[in-house]
Structure formats: C-alpha cells, structure tokens
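See the structures that follow.
Look for chain A in each of the two complexes below; its partner is chain B in the first and chain C in the second.
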Partner chain A sequence: MKRPTKVLIAKAGLDGHERGALVVAMGLRDAGMEVVYTGIRNTPEQIVAAAVQEDVDVIGLSSLSGGHMAQFSRVMKLLKKEKIKGVLVFAGGIIPDEDVKKLKKLGIKEVFGPGSSIASIAEFVKKSVRSK
Partner chain B sequence: MIMQGKQLTKLVTRLESGERLPAELYARTGRARIVGITGPPGVGKSSLIDRLIDELRRQGKTVGVAVIDPTSPISGGALLGDRLRMQRHSEDEGVFIRSLATRQHHGGLTDSTPQIVHALDAAGFDVVIVETVGTGQDEVEVAEVADTVVVVLMPELGDEIQRAKSGLMEIADVLVINKADLFSAGAARREPRSQNRGEPRSPNKGEKWERPTIHTSAKSGEGIATLCGALDAHHAYLVSSRQLARRRERAARAEVIRLLQSQMTASILRALEAPQSQTILTNVAKRKLDPYDAVGKLSVRILGSNNRSSKHVARSPR
Partner chain C sequence: MTEPREEPGTFPFTRGVHATMYRGKLWTMRQYAGFGTAQETNKRYKYLLSQGQTGLSMAFDLPTQIGYDSDDAMALGEVGRVGVAISSLADMEQVFDGIPLDKVSTSMTINATASILLALYLAVAEKQGVPWSKVSGTVQNDILKEYIARGTYIFPPRPSLRLIADVVEFCVKEVPGWNTISVGGYHMREAGCTAAQEIAFTLADGIAYVQTCVERGLAVDDFASRIAFFFNCHSNFLEEIAKFRAARRLWAHIMRDRFGAKNERSMMLRFHTQTAGSTLTAQQPDNNVVRTTIEALAAVLGGTQSLHTNAKDEAIALPTEESALLALRTQQIIAYESGVTAEPDPLGGSHYVERLTDELDAKAREYLNKIDNLGGMLKAVESGYVYKEIYGAAYEHQKAVERKEKIIVGVNEFVSGKKLALKMQKTDPKMEPRRRRDLAALRKKRNRVTVDKCLATLGKAAKSSENLMPILVDSVRNYVTVGEICNVLRGTFGEYRATHSI
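Up next, the complex of A and B:
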C-alpha cells in the first residue's frame, strides 16, 4: 500500500502570521496529502527534527517577517548535516526576488509569493514528488 | 535507547504502509508502559500530553508518542495538528513523536497503531503514549492497546447523564477534567460518586481500581503532577493485582483477531472480483436474491464447499 504524500508545513522564526501557512496546509490536505502542521515560531532545529520523526516527503516553510534568509538557510544546512536526502523543500511568504534566487541556490525548489493559487502549489508538490 | 531517529522513523513508515514488525523486535516488546489518551475533540489531549512529557522527562523517563488525527473521507488527505502542541519537545532525544492519519480506520486508532506501539516499545522508550482521534461515545479501541486509559473531558461538556452512558466513559482508568481554569463555579467539579467507587466495569471485570478524577489545566500546569501520580498508581495496581497480564492477553487477542479479520477481508474482496460473484451481487440489488442467500452462495466460493454455517457468517456482528 502506497501512503499519501506526507508534508510538513512550518513557520520558522519569530513570525506569528500563520493564516497563509494554514491555508496552504488545508489546500494540500484537500489535494489528498497528509499534512503535519507544526504552527508558528519553530526553530530550524525543531523543523528538521520533526521532518525526521514524521518521515515526510516534503517540507513547506513559511515566513512573512523578513527572517527567511537566516531561518531557511539554517534549515537547509541542518538537512545537509543530518544527511537527509530526497526531501523536497519549498517556501512561501513575503520574499523579495533577489532572495528567491539565493534560496533556490540553497536547494529550495520553489518560492511562492502573495497571490499564488492553492492549485498551483498542490500541482507543484505533486509533480515534484512524482519526479523525485 | 535501542533504536532512534532515522532507523525508527523508517520502521514506523513501513508499519504504516502495512508491512509487519520483524519478529525479533516483537520479542523485545512488553517493557514499556502504554498509556492511551482519548476524549472528544478540543478538550486539550495534545496539550496535556505536552505537559505529561515535561513531567516524565523530569523523572528521567523516555517517551514515545503516537498521535492520531482523521483522514478526510472526501480527499483522502489529512491535517495532522497534534504535534504542534508538543513541538517544543522535537529536539529532545528522549522523545519521539509521530503523527498518524486514520486512513478510514474507525474506532479511534489507525490500522497500524498496535504495531507502531510495539515498535516504540521495542525501541526502548519507557512510556509510550497513544493519543486517539477526537472521539465521540463509541470509539473504545484504545482500551485494546493501552495498559492505562485516560479519558479527557472538559467543563460544561454535558450533565451527569452523559457521563453515565456506556462506551467511552467506561474504559477510563483515569478521568481527567482538563481546562480546569475554565470552571466558573465549584459545582461542575463534582464527579458522580457511583462511577467512582471501583464497581466492576464491563471491559475490565473483576478489577478493584478506584478510578480517580483529576482536574488539570494544560494551560497553567495545574494537576499534571497529580495525573502522573495517578498513572503510576494505576500501573502499580495493574502489576500487584496481576491485571496487567490479563490486559495484555486481551490486547494480544484483539490484535491477532484484527489481523486475521483483515486477511479474511482481503480474501473476501478478492473473491468478490470474480464475474460469478458480481452476478450474485447484482441479483441482490435487483431483488432476485436476498442478502442471506447471497452470503450462502458466496461463502461456498470463498471458504470452500464444506462450509454449512453461512447463517452464522452472515449474522455475526460487524
């Protein structure tokens, strides 16, 4: 029996704006995925530990507070350090274009800004997991 | 710890996908204390576990946790939101938390929960906590897995008639009224005495355990130490009264029956795919054949020609 795609949605750092992350979590649930939602104010260490214990296929990181570079790059570093391979990471939030390029260089597959549709996010996750 | 991190997490994933626990690991189980936490949605089960982990860790115990949320019957997806209440324990190497989706299993747990509890037990955790989905009145499967069942309620959930009903309330070894900070007056703190006097309760006949009612607040931490004390007391009772062995026999029996059932179900479903079986089913829908006669015909196909007890097969519950 193949399990549904399992996704971790977490907000990193000091940022309490969780509406967007929650909407994405519910959207991916409606797309048939099992979504672990760990809420606001996660440290990168907690996010990576949760990803290991939950054995997720995908991590979705959200930040609207401007802390994305520090927080997300630390998550990517920890994933590498823990030798966690094959986990797709995507991000969302208020993230300037120049940072999007940098984040993609770090291995974050896609960055979704304001106005992204749930359908496009779900489609992206499905396609990326399939081609993994 | 015998098993941790990636090794354990991959094992749990395999169990979730229907693979079996290796026999050598099952041989190592039976050491952990298994605590089931159940109760309606929103009473604070996950937050209470978060506090329990604090207390158990303070005592130097390691804790494995399986938390369950429902799968959507519409999309097949799930939003697993229990972990977020206890996410601060993620980095603690003495704690392992895994979220599970019911995947259409009814009864409060998932198909794989008994096996996953074994895995956490074999991994060496001192205490294994299972949080059921938010339950109604009739999801009592957790009593077949746990040594100690904690039923969590909150103030204003209903009058004493609600609490006197069968089902969920009967399986409680420890009753917790969480959100005690919400009590407006002292009145609701009273627990009907007759439920509290260690009368034999149907699933646990012969036990002489006086079920305590504990008021807690996961918000303030009130009552958490008392709850831990009650869990210890119940465990001591199970050991001294030899009820622990009885409960575990019951759990083993339930698990084996369940596995047998799912194997039987699979072979029934396979047999139903045959064209002749399809014709029988169609005839029932067309009222040419009644359901009992259909079972008679089908059970011959499924179980072999020497089966003469199709009435019993048809009438056995569930």
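Up next, the complex of A and C:
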C-alpha cells in the first residue's frame, strides 16, 4: 500500500497566531494525510530541517506577522541549497496580493488567504501531489 | 442564580460593579495602537495628551515582548513591526520625554517581560523626580494565556508565575497605584474557544495568580482589587451579555468563598473589552462595521469598564485613518445617542438573558471543577488540556462553517461584491540597522563592570526565592538591556518550548 501523503505545517516568525495553521493541520489529517505541526516561532532553518527529518511530501507555511517575504523566500532558498526536490510548498495567512505573485515566482504553488475552506486546501494538496 | 432582588453594585455583582453604572461615568474608550520607534511614540503621545487624553496605551514589538534586543539575530525583520522597540532605559526615556509620569496613566500590553518593562517605567519616573507612589498604570502580566493562545512566553510556567508574584508583591509595597495583572480571555476566544470556555479559562488563570500571591504570604485584600480582566466580545449578542454577567457573579463567589476576601472591591470583576477581530471578514469588509457595532453594544449592555472597537480592516490590514475614526465614532454613538446608558444592566430580569447567564455560569463551573481536578490551571496548561480544548473548538467551528450550519454573511452565504485588498504595515527598512548602531554605541558607553555586576547579582537572585524587582530596577538604571536580563534568566529558568501534537 502507498503511504499516506505526509505534510509539514510550519509557522515562521515570532508571532503566536496559530489558529489557522492548526485548523488546516487538523483538516488535512482528517482528509487522510499524515500531518506534522512545528508549533510557533520557527526560523527558516528549523523548518527545512524538520522537513528533511520528517521526509515530507508537502510543506504548508503560515505567517500572520508580516515577515512572510523574508521568511518564506529563505525557506525556498534553503530547500534549493539542500537539493530537496519534489516537495510541494504552499502558504497561508495574511499575505498581500502583490506578494502572492512574488511568492509564486519563488516556487510556492498556492497561497490561501482568510476565509479559504479546508476542503479547498485538501483538494489542492491531493491534486498537486497526484500530478507531481 | 441571580438573587431575586439583586441590585446593581451589590454582591455578587451579576448586575454590575456600580449602582449607577454609566449614569455616573461612561466607560473609557481606549483604542489600542502601536508605533515603531520611541520618537514616533513620543510624538503621538504628546499629540493625544494635548487633545485631552490622559490614558496612554503602549504596544511593544515582538522582540521586546519575548526578551530580545533589537540587535539580536532572533529580532531580524520584526523590529518595530507591531509596536515600539524597547531595549534599554535610553528607549524608555525617549518615549516619555517631556511627559510627566505623575500626570498620565500608562497601560502596557506586556507579559513575559512585564517585570522588566515596569522596572524601566519606574526608572524613568525616578529620573523625572516623580515618586513611585504617584505613578499609575497597568501591565498585562498574564503569562498563562500566552502558553495557550498568544504565544509570547519565554520561560516555563513555574518561574513565570514567580515573576508575576514578584511584580504584585513589589507594587503592594512600592507602587500602590499600579494595576498589576490584567487577566485576559480575549486571545483564547480569538483562538477559537466558546463563551463558557472563555469565562472558565480566564477565571482559572485568575485563580492561579491569586493562589500564587497568597502562597507568597500576601493578604488577599491587599492586592486583589488591583487585578482586572480583559474579555472578548463576540458575535452572539445575548450570549455575550450573559457571559459578562456570569463572569462577574462567578468571580465574586470565588474571591469570597475560595480566598476569603473581606473587602468587596476584591470581589468585583472589572474588565476591559475588545470586539472580536476573528469575526471580521476580508469579504464585503463594510459588513464589519455592523458586526463591530453589535459586539460593542453587547459589551456596553454587559457592563464593561472600557472598550476597544475594531476598525473594519483591523484584523487583516493596517487601519486607515478613516476606518480608525469610524471605530471610535461607533462607541460615541452608542454612548451619546442610543440611550442604553440610562439604566444599569438594562437586560437584568429578562427571562432569556437570566437563563443564559445561569447556563453559562453552570458550564463555566463544570470547566473550573475539571481544572481543579486536574490539579489547577498550571497543571492543566502544562498537560496541554486547555490548548486541546480551544483548538478543538476552533476546528469544530470551521467545520460548521463549511457545512453551512453556521452562516457567515459574505463568506459562505450571500456571497458577492469585492474582497478587501490585503495590506501590510510597511516598516522603515532603515530602522533596524539604525537600532543596531544605537545599541552598539550604548553598549560601548556603559560601565561594563557595573553591567556585569548587575547581571551576576540577578543570576544569583534568580536561583533564590528573593523578589527580583529591586534588582531589575537597579539593572535597568545602569542601562542593562532587556535582552541581557532575559538571557541571564533563560540560563537559570530555562526556555519553554511547546510540544503539542495535533
């Protein structure tokens, strides 16, 4: 049997807003995926190390502090540096539209804003992993 | 149950802590705001004071809240973002330059580093020649909810509780006009808990603090009246009004029966309210004005002592000047036009509101009993029980929204119109390098021997049970920084790292 899709939900930055990250984590778990949650306050280095250690297929990055450009681009850079390929990265939180475009250019597949449903996120992950 | 003839202003205060309520004095309209640098904050405060405001509200950036100086690697990208950056007395002096501390009262939203920021405030007072007996203000100083919902903890819960008791004990003797703890349910509600859970978890935090201070040897009536509360006001109008009534009644009984308080002021639950940021939506943002109005009205009918109304774009962007003004006008219309201030607890006696009050009282009691059975709130937090309860409720809410059992106008029903463009506060990119340069200069200018001596004294005292406040005041006087102090305390107390599995 194929192992279930393994997802790391990661919170970058110093802020403590984790409701969104946790609700998405629980939603993906109930959609049949294996989910690891980092907790709050992680550096990009810690996030990439956790992704490697847990050997995940997907990384979901969450940010609500406004530091997403610096933190997410560093995560993408480190993934490249560590030669980690084939990991799907998506993001969520309070991310301005102008930054969404920039993040997608860096290789972040999708950005989910406030009001997104768990169903739509789970659907996106399933489809993207299948088509990989 | 509400006593058949319970009057406002009498035990157990279900109907309010004052007999005349808003006929005597309106609630305080206190809008929370943050500014990046000490200079900007000083300028803003001077403007507000010139407009007749006497209460200042101080928001800190995240590095200050979790004990890192602006030049620490951990602070990268976060300096001055959600409030003012304070690393040393030099910053605090600049914030209050030309503002006599005996003429204002300052409310500081600060928790893990509350003792240090209070020490800094007192050192500024000293330099201004203002005796500590003449300063007044508030520190949030409510660490337990940080582990559960807000996230700005540093040390493990036990040494953190010791720091809280150090502040309370010190203020009883030295700074009698200081409000030492503001026990908050706001953030737990934002994180997703229910109204009954908000009451129970907030009061359980309050019980833990009072218990810690009593165990320290303080007499309950000497400090209890300096503890206040901070609640959310959510969208369910009648339930929220009942929530405030039930919370007041429960706290009065807890203080009298559990802690043996004799002074009625120790039994009065006084509180600040903020409308619920989590009920605001990016979709059809004008609807948020209506939501905030209903929530603010519930807070007033529930008898709040002060109120912050959210701007319609507040939860997802930097409020514009226009939206911030509209939020304040909302309170003024309720206060001066609606007529609801004519009578204290105007809904008291309504069958439905009284029933809801009794139901919430009973549900909150059940949680409180459960927490007692777990060995108290400290144990309940350490075991992850509270965290699981809250995020479980958040998940249930989300599922109910997706199944359309709960309707959010503009989100899962009546969808049309345009979405609010998400904006971010832009911070000055030159600020962080400038702060690093200023701090480097400060570190060079200080007397290194004195600084090292202060830190050594602090390290030794932290290992004992001595009250740390006098040592903190002495340290900051000598320009020892917030980060240096916290690094010493991290060495002794250790750091808390949440390990919750989902």
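Convention: the second predicted complex is superposed on the first by the 132 of 132 C-alpha atoms of A that agree within 3 Å, B and C clash if a C-alpha of one lies under 4 Å from a C-alpha of the other, contacts with A are read in each partner's own complex, and residues count from 1 in each chain.
Simple rule for what comes next: a contact is a pair of C-beta atoms (placed from the backbone, for glycine too) under 8 Å apart; a residue touches a chain by one contact, two chains touch by 3 or more.
All of these numbers come straight from a predicted model, not from anything done at the bench.
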- Task: Would you sort A:37 into first (chain B), second (chain C), both or neither based on which partner it touches?
- Result: both
- Check whether A:29 is in contact with chain B, with chain C, with both or with neither, and answer first, second, both or neither. both
- Message: By the touch definition at the top of the document, which applies to A:91: first (chain B), second (chain C), both, or neither?
- Response: neither
- Task: State whether A:49 touches chain B only (first), chain C only (second), both chains, or neither.
- Result: first
- Partner chain in contact with A:4 - chain B first, chain C second, else both or neither: first
- So which bits of chain A does chain B touch that chain C touches too? 25-26, 29, 35, 37, 39
- Query: Tell me, which parts of chain B touch chain A in their complex?
  - Reply: 5-6, 9-10, 12-13, 16-18, 71-72, 74-81, 83-84, 87-88, 90-91, 96-99, 101
- Touching chain C in the complex: which residues of chain A? 13-19, 22-23, 25-27, 29, 35, 37, 39-41, 65-67, 70-71, 94-97, 99, 113-115, 117-119
- Query: Which residues of chain A touch chain B in the complex?
  - Reply: 1-4, 25-26, 28-39, 42-43, 45-46, 49-50, 52-55
- chain A-facing residues of chain C, complex: 62-63, 66, 74, 76-78, 81-82, 146, 149-152, 190-192, 278, 281-283, 316-317, 391, 394-395, 398-399, 402, 411, 421-425, 497-502
